[in-house]
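Per-chain residue numbering starts at 1, and chain names A, B, C, D, E and F are given in the order in which the chains are listed.
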Amino acid sequence: MLKRQFVDKLDEGDSIDDLFVVKSLRQSETKAGKPYLALTIMDRTGEIAGPIWDEVDHYRDICQPGKIIHLSGTLGSFQGSKQLKVTDARPVAEEDVDLASFLPTTTKNREDMAFDLQKLVLSVEDPFVRKLLLKFFKRSKNWSLFQKAPAAKGIHHAYIGGLLEHSLSVAQLADHMAGHYLGVNRSLLLAGALLHDVGKIAELSYSHGAIDYTDCGRLKGHLVIGSEMVADAAQEIKDFPLETREQIQHLILSHHGRREYGSPIVPMTVEAFLLNFLDEIDAKMNVTEQLRRKIDANTMEWTDYQRHLERYLFLRGLDSRVKGVQYDDGDPAARQQSLF
Amino acid sequence: MLKRQFVDKLDEGDSIDDLFVVKSLRQSETKAGKPYLALTIMDRTGEIAGPIWDEVDHYRDICQPGKIIHLSGTLGSFQGSKQLKVTDARPVAEEDVDLASFLPTTTKNREDMAFDLQKLVLSVEDPFVRKLLLKFFKRSKNWSLFQKAPAAKGIHHAYIGGLLEHSLSVAQLADHMAGHYLGVNRSLLLAGALLHDVGKIAELSYSHGAIDYTDCGRLKGHLVIGSEMVADAAQEIKDFPLETREQIQHLILSHHGRREYGSPIVPMTVEAFLLNFLDEIDAKMNVTEQLRRKIDANTMEWTDYQRHLERYLFLRGLDSRVKGVQYDDGDPAARQQSLF
Amino acid sequence: MLKRQFVDKLDEGDSIDDLFVVKSLRQSETKAGKPYLALTIMDRTGEIAGPIWDEVDHYRDICQPGKIIHLSGTLGSFQGSKQLKVTDARPVAEEDVDLASFLPTTTKNREDMAFDLQKLVLSVEDPFVRKLLLKFFKRSKNWSLFQKAPAAKGIHHAYIGGLLEHSLSVAQLADHMAGHYLGVNRSLLLAGALLHDVGKIAELSYSHGAIDYTDCGRLKGHLVIGSEMVADAAQEIKDFPLETREQIQHLILSHHGRREYGSPIVPMTVEAFLLNFLDEIDAKMNVTEQLRRKIDANTMEWTDYQRHLERYLFLRGLDSRVKGVQYDDGDPAARQQSLF
Amino acid sequence: MLKRQFVDKLDEGDSIDDLFVVKSLRQSETKAGKPYLALTIMDRTGEIAGPIWDEVDHYRDICQPGKIIHLSGTLGSFQGSKQLKVTDARPVAEEDVDLASFLPTTTKNREDMAFDLQKLVLSVEDPFVRKLLLKFFKRSKNWSLFQKAPAAKGIHHAYIGGLLEHSLSVAQLADHMAGHYLGVNRSLLLAGALLHDVGKIAELSYSHGAIDYTDCGRLKGHLVIGSEMVADAAQEIKDFPLETREQIQHLILSHHGRREYGSPIVPMTVEAFLLNFLDEIDAKMNVTEQLRRKIDANTMEWTDYQRHLERYLFLRGLDSRVKGVQYDDGDPAARQQSLF
Amino acid sequence: MLKRQFVDKLDEGDSIDDLFVVKSLRQSETKAGKPYLALTIMDRTGEIAGPIWDEVDHYRDICQPGKIIHLSGTLGSFQGSKQLKVTDARPVAEEDVDLASFLPTTTKNREDMAFDLQKLVLSVEDPFVRKLLLKFFKRSKNWSLFQKAPAAKGIHHAYIGGLLEHSLSVAQLADHMAGHYLGVNRSLLLAGALLHDVGKIAELSYSHGAIDYTDCGRLKGHLVIGSEMVADAAQEIKDFPLETREQIQHLILSHHGRREYGSPIVPMTVEAFLLNFLDEIDAKMNVTEQLRRKIDANTMEWTDYQRHLERYLFLRGLDSRVKGVQYDDGDPAARQQSLF
Amino acid sequence: MLKRQFVDKLDEGDSIDDLFVVKSLRQSETKAGKPYLALTIMDRTGEIAGPIWDEVDHYRDICQPGKIIHLSGTLGSFQGSKQLKVTDARPVAEEDVDLASFLPTTTKNREDMAFDLQKLVLSVEDPFVRKLLLKFFKRSKNWSLFQKAPAAKGIHHAYIGGLLEHSLSVAQLADHMAGHYLGVNRSLLLAGALLHDVGKIAELSYSHGAIDYTDCGRLKGHLVIGSEMVADAAQEIKDFPLETREQIQHLILSHHGRREYGSPIVPMTVEAFLLNFLDEIDAKMNVTEQLRRKIDANTMEWTDYQRHLERYLFLRGLDSRVKGVQYDDGDPAARQQSLF
């Protein structure tokens, strides 16, 4: 079922008849003492709220936070803001729904990215490292998760497809660095680049309404989880060299660069130094890209104070051709069962 | 072959005929241009040095650093210090030798400690956790390594048997805390206490002459290695609850307490808080104990500046009954193949 | 006068006729321009608010923040929240009132704790240290303050009786540690444990409505105040050894463990190391205990983000038998004039 | 007994016959195996070393480090350095000796400084504060210690008379600041300036050979000791206002400005802010003055790297008229029993 | 045009007819759907808000934030707060208006300060340094900006005239220090004191409604901008010694004292050390002065928690004679075209 | 005059007749009291020392540290080390000498690098930025300094040609990044990359014997110096846009990335973020390259502890083809007067 109405395109007076996810639901009471529901719905483009005055018990069951509903109504206004006027809400089977409609999603084409990642994997010189990557990405479950996962809860690449976009970008930079500097082990560096955040598959859950941490993600962290995943995959490959496995684990464990940032071990190899920097570059560049999408093209503007960066940024808005990206409205994972 | 002569008991004029480990060997040249060897030997009680004037090539092969040699000679003196006068040096098969003669060793009785640890393991209430501990310590290889390993390269418990001594002490404190505070999960806390440093088995190597890091130890660190060991052991136990495994891994991964100290994850459970503190207490108390052994009993003295603690300490010397500990001159691991 | 109605047990429609403390009072104005009072009252279990529409001047004098009042009225509701409807409020003489009804209070039995503390004091081996502790706790004023004081303004043990509960718990752990480790001076460690926070008697004031700092508390801090108290008490004991006094002062001054945390001096003795760790353990365990009281028993839950700990916690709720603690509704200090 | 020969004025060939303090003594052995003593002597201007070949046992008893000896001999040279040739060494009664000959000493005139301090004390407006200062400085023991004490072990004002020089300089700056800024309490600020380091009287010992910490100095620190001294002095003054006492204690306790620098409490009053800055200014200016004495006048030079400042300094040498200060060769404390 | 009505003197019922600056303007909508404007106006003494119900489009153009308007109306009240009732608002030509009426302004007399600064400049001994200062302050544009500029966006001296007040105060203290300490280069220190914050002329803009950063201020910072200004001015003086220029630049660049505080270079000269401390003293003293203006004279009070200082302060209120400062209602810069 | 004999190729017994730089000269005295000189000479490959027994006054004048001398003698040995036996030393005119023989020098070909840099400059799209770069590098003095300067005193690229090598490498990476990421301003980023360390031309001096800081370098730092250079160059270009100049200055001033690392301003533009990371990457990669040159090819080894990186590194030795780089024995700057 394809969603066609998006929050950011709705105007006052439009009638609404499409799928949305419930962001929150709170029961309240009118001054007259009559109970009503305060409903907020969202999709990947924004959110709107409004009251449900009648059949409170009926709709409270249907509109549980995180659920997808088929909503009918119109868009009115109250005290100068848009307000939802609900006429009906019906439950929807989740299997029929494309996640990418409800959560923010990469602006890159996921099929193109899959193809580029595939090329990089196949170009890895070291046969064991290549085998490890193939084994990992060939599993349809891994691949399905990897290309859907966000790369973070907040801050950078915090959207569906973010993990794939980020890992591929880092790997492409890694490829270039391996040519620029003497004696870098390209195979190890590419493996590190593609797998450094792979633990996020298990660290973050991203049900319809929100990206959040799993128990395991909080108790162990994606660095250790990713390192375990690599150890498990290597164990299934006959004669996989111990030293190679340990070096890839080192790349994953050390990629935050400093202990204060959660790496139990600091980078000690040439490849680990590079990976740490490339990861930081790509994360920072994605943060600025998100901010630049909100600025008029060819305008240079100071952003609001960015608390996590502890500074203001001076950014030029992104060109409209770049911004007007086509959202991919189908889920490539559904069509393509595995990467290879 | 039992070593009977120890460096700290040798007096000027004594003739020497026993096993020692080569600490260093440097070839030099007399003013007359004749080559000679400068040899330093050691055992667990100290070191002495002296020249070998003749058959330089012959002795250079035998006296490789780290090797155990059967040395004959006498103890003379030069410019007011003791000096070794070597008459002969012969190679020795390492299998015949007890490591504890050459490296500093715990002053506690290792068999008593093994017994106490066994009692604690058997007292663990949670059947899965108990099974995990039994599986781990029953393996003769694990046990052999665990009771020989030092707990650190420097600083605290840096001697043969130190890992066992430290882990047991932390576990005994943990046992008490589980009774003192409401609702602590004693099984998890004991498992964490006994296994928190288990990765040091693989992180540190301790050949005859020195304790050092392994490649794997440096690339991954003992927290991640220990967490992997637990995951591997749990995998071999049918129906081992995932949550229990993750909590024990969390205990190991977080036991350094802060990211700056190498924990990828900070303590987030009651048991993890306690383990972190008990580990620190026991480490600090061992450091002070080492220092107190050098002070006359019943004397309160300021130590030298302790760089790693960034302070002077004001300590009372240890009572002679306590200090005059009997070194255990046999290797219990040789006699007792496994813990259970 | 015994309070029988508590905020957390009041239901909509109940009529109210009991003592409460005024948390805040603000004068406001209706749209029609008529003045009214916005009153918030509290006891140890919570707070409720409501307007006083009439006799504004009369009630403004009676309902000063921090005062205890005898309130009559009913519990109604407004916009879905409970709202107080006041019919009358009368002043109450403070002497007749038990503080523990209005401020949160320890869940432990204060008489039992007093007994346990007494036993520990009497078990101190060093006669001068024992005399110092007896002198200190025998003074009825000291004892009265000590067993009523909270151990902190916020964070841990921030309730009536908290200082006693915390000091005793640390002393009990200290007792155990003195047995576990070689050559710890048990007398000094117990004195340090019992007196480490004694300066809080003067650092914090806890009138009915709130726990706050005194001028002296802010200008000098409880470490220096406590150190002064010990010096004063020692001065009254003939021949009290200078070294002993300085060591106990060192224990108090250094118990925060680091300069950044307010200790002018870092721990330099074995006892000071232990005291610092035991204080931290007990504080952290109390924080987690407070959080666990809000979680259903046998449920493992992630708490909200704990800013002062910079983390989420994963905690199991406390068992109902443990939680359903009997509040002690009389003030033992009133009955028992001094500890010995 | 007045010392006339100083190390920095001795030339090769001079015969020596005067008092010196023994800096170190080490027994060694010639190649031929004959024992000898390696003696280093010093006075406030420098040190020289040389062997004692004969009567080793006799001279070893006399030349204990820290003792003052009457030495006879000549100044020769060995391998291009000056070397002491000892012919005799005799013990000297310490009472007969002026400390200032052996330890580095303030270049300021101590009688002038005493006079200036007196003037400032008498100018204090608040009668209680003035009485406190008079009481403190009038005690001959306090005054004797105060005007001899160094202000630090190393770094700044680390010489006899340094405490007086530093305290007076800070007080003079304080006097100026109290005029420059609105509503500064001059009495409190002057008291803080004169007493802020008074605890150093008890924190540091300065026997002939070296300045070192006392037990009490290390266990409590000069801030807490000084605060205690003020409390004791205030207690002896009838009706001394509690608030005034607490504010002066606050000035002393907070004068290091930050917790990391050893203040248990940060500055919270206008006077405490000023005192902290003036103390830092005067300490830094003294450090640069010491360095400038080693540079030729009218030359601008980069110093060696100053580790405690983490930088190089660019300083102009002090003018010779300023440098050629007359050392005061008598001890004013011997002549003037108290300040007032 | 002289402003006579100030916000803090307006009472309910007063009719209003004077100049104000628009702080903010927001368009909103009544429940009935009718658009209206929510206007907030301010002058240097405070702000008031109120709605404009009619001619929304007309007034929206006139009342742009930052603009000065001539406002007519009355002061009413709504829900217990004062509320503006607007009858008309007309645009005003900015040339006719004195800035000091709309932004908070120094309480010192700007002409007196100009005179004192002049005296200090003329007293500078080094002819090149004096020439540099004259050149700088003689330019009417520089001087006009210098004596109007605030010294900061927030925190200290954040008002019209603050830069002049702060620079002069620091220079006066510097003058005193140059006399107190041996061999300070008074000329350099005075130049540093007067020019250290001169870059703020370009770093901050202060249109009527607010003080804010300029692009250049954010991209380069006032330290580098000030250093450039000095270099430019020196370049215009024949034979200006390179070393002198570099030392003044060093004073400006290092005056924040630490790299963490934005100095690219730490203080390395005697003058740079002093300047850094004097700047800090004057800034802190101004912060406390601002806070003391809000406290009753002769009362000692704890302030609210001061986040940027990370502490509470204990301050005495300023004496009314001091507080009741005459605001200078004319702009001296308008009358006096340049300083010399 | 071409140097042919290099220290690292000299064997015992070789006769020496070539140019060397004097590293140090110390006058000493034989046991017999006869004065002699201890001379150490060096070239870019290492150093050797030896005594000059005769004509001490004559040779002391000639062999001043930092001077180039024509030395005759032989290579002998003393106590197992090589020792220089000097027969004669003559002064040499510095103009005739190629610096690169005496200081360590880049292993890259400087003419190739000049060519690559030229290409990059000419490819800059923004005409003003291109003009600025051309102006800067066209000046023969600038270019001569730029291609000879080291990039640091220690740590990374600390050799003749290091600045050119480092700047070019960063610019090449910048070129790639500008293609990889959306909307990066390639002109600005390339200018920043080429000019970020240009201040080092004036910050560091590199006379024959050592690389050291200049006065100006220490007082202002290369960031501010570089920013000034850009401002000066831009001023000479008609209509150079202010915003462009400020952005390039921002790139230079912020390229250390954090205030603690000496940037007065943190990166606030997309280009500044990238430049900071690329600078760090290239510096770190150069450090590892230096270390790898000391390790056998195809061997993976742990380095010694690297204090400035606070870690050990695990590195593979560089391939011999890569290591056996041809030193360029002529100075391209001598042949090629400017870059364009």
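Criterion: a contact is a pair of C-beta atoms (placed from the backbone, for glycine too) under 8 Å apart; a residue touches a chain by one contact, two chains touch by 3 or more.
Just so you know, these numbers come straight off a predicted model, no measurement behind them.
A.B. asks: Which chains does chain B share as contact partners with chain C?
C.D. replies: Touching chain B as well as chain C, we find A, D.
A.B. asks: What's the rotation angle, in degrees and to the nearest 5, for a C-alpha fit of chain D onto chain F?
C.D. replies: 120
A.B. asks: Report, in whole Å, the distance between the mean C-alpha point of chain B and the mean C-alpha point of chain F.
C.D. replies: Distance between chain centres, rounded to whole Å: 46 Å.
A.B. asks: For chain C and chain F, what's the span in angstrom between their mean Cα positions?
C.D. replies: Taking the average C-alpha coordinate of chain C and of chain F, the gap between them is 65 Å.
A.B. asks: Could you say which residues in chain B touch two or more other chains, in rising order?
C.D. replies: Each of 215, 218-219, 243, 268, 312, 314 in chain B touches at least two other chains.
A.B. asks: Please list each pair of chains that are touching.
C.D. replies: A-B, A-C, A-E, A-F, B-C, B-D, B-F, C-D, C-E, D-E, D-F, E-F
A.B. asks: Given the complex with chain F, which residues does chain B contribute to the contact?
C.D. replies: Residue positions touching the partner: 28-29, 31, 215, 218-219.
A.B. asks: In the complex formed with chain C, which residues of chain B make contact?
C.D. replies: Residues 169, 172-173, 176-177, 180-183, 185, 243, 266, 268-270, 273-274, 277, 280-281, 284-285, 288-289, 292, 300, 310-316, 318-319, 322 of chain B touch chain C in their complex.
A.B. asks: Using the touch rule from the top, collect the residues of chain B that touch chain D in their complex.
C.D. replies: Of all residues in chain B, those touching chain D are 79-80, 302, 312, 314.
A.B. asks: Looking at the complex, which residues from chain F come into contact with chain E?
C.D. replies: 215-216, 218-221, 223-224, 227-228, 231, 243, 246-247, 249-250, 253, 259-265, 268
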